[in-house]
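Letters are used for the chains, namely A, B and C, taken in the order the chains are written, and counting of residues starts over at 1 for each.
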Amino acid sequence: MSGGLTSLSFPKNAHAALANPPLLKAIAHIEETLVSGRRRAAEALPEFEALRDAGRDIKAHTLAHLDLYLEAFERKVVEAGGFVHWAADAADANRIILDICQKAGARRVTKGKSMITEEVGLNAYLQANGIAPVETDLGEYIIQLRGETPSHIIAPAVHVNKEQVAADFRRVHTDLDPKRNLDEPTSLLAEARGVLRERFLSADVGITGANFLVAETGSTVIVTNEGNGDLTQILPKTHIVLASIEKVVPTLEDVATIMRLLARSATGQEMSVYTTFSTGPRRAGDPDGPEAFHVVLLDNGRSAMLGSEFEDMLRCIRCGACINHCPVYRSVGGHAYGSVYPGPMGSVLTPSLQGLEKSAHLANASTLCGRCESVCPMRIPLPKMLRHWREKEFERHLTPKKARFGLAAWRFLAARPRLYGLATRLGAWGLARLAGRDGALRQVPLAGGWTRWRDLPAPEGGTFRTEWAKRGRK
Amino acid sequence: MSSRDAILGRIRRSLGASGSDAPRLAAVRHRLAETPVNVVPARGQLPSAERIDLFVRKAGEVFATVVRLGGRDDIPAAVAAYLRDRNLPQAIRRGDDRRLADLPWEREAQLAVTTGPSDGSDLVGLSHADAGVAETGTVVLTSGPDNPTTINFLPDHHIVVVDASTVAGDYETVWADLRRRFGAGVMPRTVNLVTGPSRSADIEETLLLGAHGPRSLHILVVG
Amino acid sequence: MTTPKPRVALFVTCLVDFFRPTVGFSAVKLLEDAGCEVSVPAGQTCCGQPAYNSGDRAGARALAEQVIALFEGFDQVVVPSGSCAGMIKTHYPDLFSGEPNWRLRAEALADKTHELTSFLVDVLGVAPLPVTFEGTATYHDSCSGLRELGVKDQPRRLLSAVDGLTIKEMHDPEACCGFGGAFCVKYDEISNAIVDRKVADVRTTGAELLLAGDLGCLLNIAGKLKREGSSVEVRHVAEVLAGMTNGPAIGETRK
């Protein structure tokens, strides 16, 4: 992960993030752009809520028949002259892709933006095997130059400011005229466009992810704004699509429905600029397009999520709305999570991918405020699933001892109303006395987490139950 | 056991289902054959003239420029005018599509028209869309021997001709039309849905046009 | 002929019981003014939410059984907290999946349990007795009440009838305050960053008073405002509606 951050060190990562003003400024911006954009787009489409229901139903139907839709998809890809490969895990996927690249004699590879290639660690693997992958999405390109990982699934470089980008370009683009002005985003974009254009034209293999796989037609679908995904897949001789198995949907109609939700939820656009359906390699007489077309279907733990309490997570279309609306993400950014996928969707998915032991904190680092679920286009009950992970932690005794002890003590007390009454009476009286006339406490023994940042309002004095009893009421 | 069988087996175990269960197979067959329509926004369900107006307005909202032409023969002059207005050289690249080839290009003597796929050196590309979608101002382009995909992405400026009679209210209408023309379950090699010019907001969430694809999208609506 | 008064049980919640009995008395007054016969079953403690949200299902279940047994005999159960009401209404049935008898009892209780303002508006449909409160207030939508129970307009509708009170909305009243139960001490630094934004939003309204329907959020926001030396006062919405605002606001110096 970026800077070696892991999910295990989440509080430390968060602490560092909170002491990083440029990062905080960058994340704060999400409010005016992505969050208000989504709100406007949803309000402008009367059918938006009905589409969310339909989207959820499409995915639920597909997941219940996933094996059959994958087989149907495979048949259609083969009919169109493409190849389908099945990868059980990350290592499988990397091996398959390397093999295709090597057989194609590839040295230079371009990549469209793809979280799934982040998930399997494809770039590092290809590099270690002598192939140089070039990220072509502007944000991905920037973080590749910086040796980082994405901090957001749709805005990978949201944590980087333009001065940092300019410095990175000057460091890496050795042909760049030192006098060239790179003060503004427009000039940075022009510089990247020029450099990457050459990369597109000289690539041997193009690798993309997929937003959808269409069982009806054997098409893979990518959705982008920049057009980099298209240049990645139409110019090289070989196009490889890496997609996880839950990306399949039955028909074009189903794509249309989810398409109407995707960009609106992600950026507030009604439609992303480029939605491209690719079906097999170039056909007889075609003047361009790839000569070979490979689809690698990745499982990597997903088949085990089916039929479990985490199945609904497989409806996720990676729009990032839950991330944009999450108060925790908005406080610390994506890298703090130490996982490929940040925010609520990441905290639900990551333990399935990397194991609960390595994911401590993720499910707990949430206020369960529910805003994620309220904006999820696929109506995924994210808070409920975060709670499921907490239950599994508790069952497996992974919950920290102090918290377990606290819970046990509370449970003991709350199950004994008389003792509870006595304890709360004493506690409220004691705290009220401690506060004196102040009404609030600046320091309370054992409550450092609270009083480090805020006062603790003092109890009024007697508990409600004692005051009520004093009035002779029942 | 192959990875394929292992994955499919795991899926079936997790679902507690079999790959040869008749009702499941029937449900999938039915859905793929009948391609039921889900929720379609009312927005695009308009009579022809209003639908085309909506298409023009929506395309404008996503920073495409749109010109309406009375007939196909007006296309060459409209292309030349666009190039003049933008101070661009009088040169375009297009595919061999009959709908573009059979136009009175000779009327624009200054205009150099080359055909075939783009290698990245062209400033302006011209394509013919198969359809427009009013709901979002989207143009639909399909690849084929006479319609190179590279023209849609490599030139700085992309001019797209849309026949007004092909402007649909929604995507579902376009899918039905593709099935009618290419056959059920068959797609052209590439289908591009293009909604405005290329853009990026990856640097400080500042919206910029012309990321990797065309910086401008100019739509000629004919008829 | 008079219809018999509905027999309403108040589930006062552990936080109100401990920190802010005034909220409990305000709730009783509002319910009695509305014609209810109010009981406060002795023996009530905690709804089990802390255990439930910490993954301790068995612990939550044990407390849920206790609450169900204690409250199921009443016509209605009213809670001056969206999150505790939400626990009973939306999560209790889930705790007993696979045990039909308990599940039925949990569902029956869920059906007749209500958050206070929602009970007044949606169930009773009565206007509280007229009260006066001079000043401007802003209302924070507590997450559970808002998103689990749809409590949004009810408190605002009731507040709009308060004489002299002006409501100034925050830019984002629906944003979480960062309390989150154990979250606020486990991830205190992040919780602080979140409540920081909430308090900044409160400040920009210029309101003199912050209101909400959940004591957890109120303690958190009040604690932050006090630490900053802010003069903004904090109260539970029931206090204003019941006209019980003579005592000091939450965390305020006693006179």
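FYI, a residue touches a chain if its C-beta (ideal position, glycine included) is under 8 Å from a C-beta of that chain, and two chains touch if they have at least 3 such contacts.
Treat the numbers as computed from the prediction; the structure is a model and nothing was measured.
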{"item": "Chain contact graph, described as a line, ring, star, complete graph or other shape", "value": "line"}
{"item": "Result of counting contacting C-beta pairs for A-B and A-C, higher pair", "value": "A-B"}
{"item": "Distance from the mean Cα position of chain C to that of chain B, given in whole angstrom", "value": "53"}
{"item": "Distance between chain centroids, defined by C-alpha means - chain A, chain C (Å)", "value": "33"}
{"item": "Averaged-CA centre spacing for the pair chain B and chain A, given as whole angstrom", "value": "29"}
{"item": "Shared-contact residues (touching 2 or more other chains) in chain C", "value": "none"}
{"item": "Residue numbers of chain B (touch at least two other chains)", "value": "none"}
{"item": "Chain A residues within the chain C interface of the complex", "value": "11, 14-15, 18, 327-328, 330-332, 364-371, 373-374, 387, 389-395, 399, 403, 407-408, 410-411, 413-415, 417, 420, 424, 427-428, 437-440, 442, 447, 449-450, 452-460, 462-465, 467-469, 473-474"}
{"item": "Residues of chain C defined as touching chain A within the complex", "value": "12, 14, 16-22, 24-25, 39-40, 42-46, 48, 50-57, 59, 62-63, 66, 143-144, 147-148, 174-176, 178-195, 197, 219-220, 222-224, 226-227, 234, 247-248, 250-254"}
{"item": "Residue ranges of chain A in contact with chain B within the complex", "value": "26, 29-30, 33-34, 45-47, 50-51, 53-54, 58, 61, 64-72, 76, 80, 85-88, 92, 136-139, 142, 155-158, 160-162, 165, 185-186, 188-189, 193, 196-197, 200-201, 215-219, 225-228, 230-231, 234-235, 245, 250-254, 256-257, 259-260, 267, 269-289, 297, 299, 303-308"}
{"item": "Parts of chain B lying in touch with chain A, wherever the complex brings them together", "value": "2-4, 6-8, 10-12, 14-17, 19, 24-25, 27-28, 31-32, 35-43, 58, 62, 95, 116-117, 119-120, 135-136, 138, 143-145, 148-150, 152-154, 170-172, 175, 178, 185-206, 208, 210-214"}
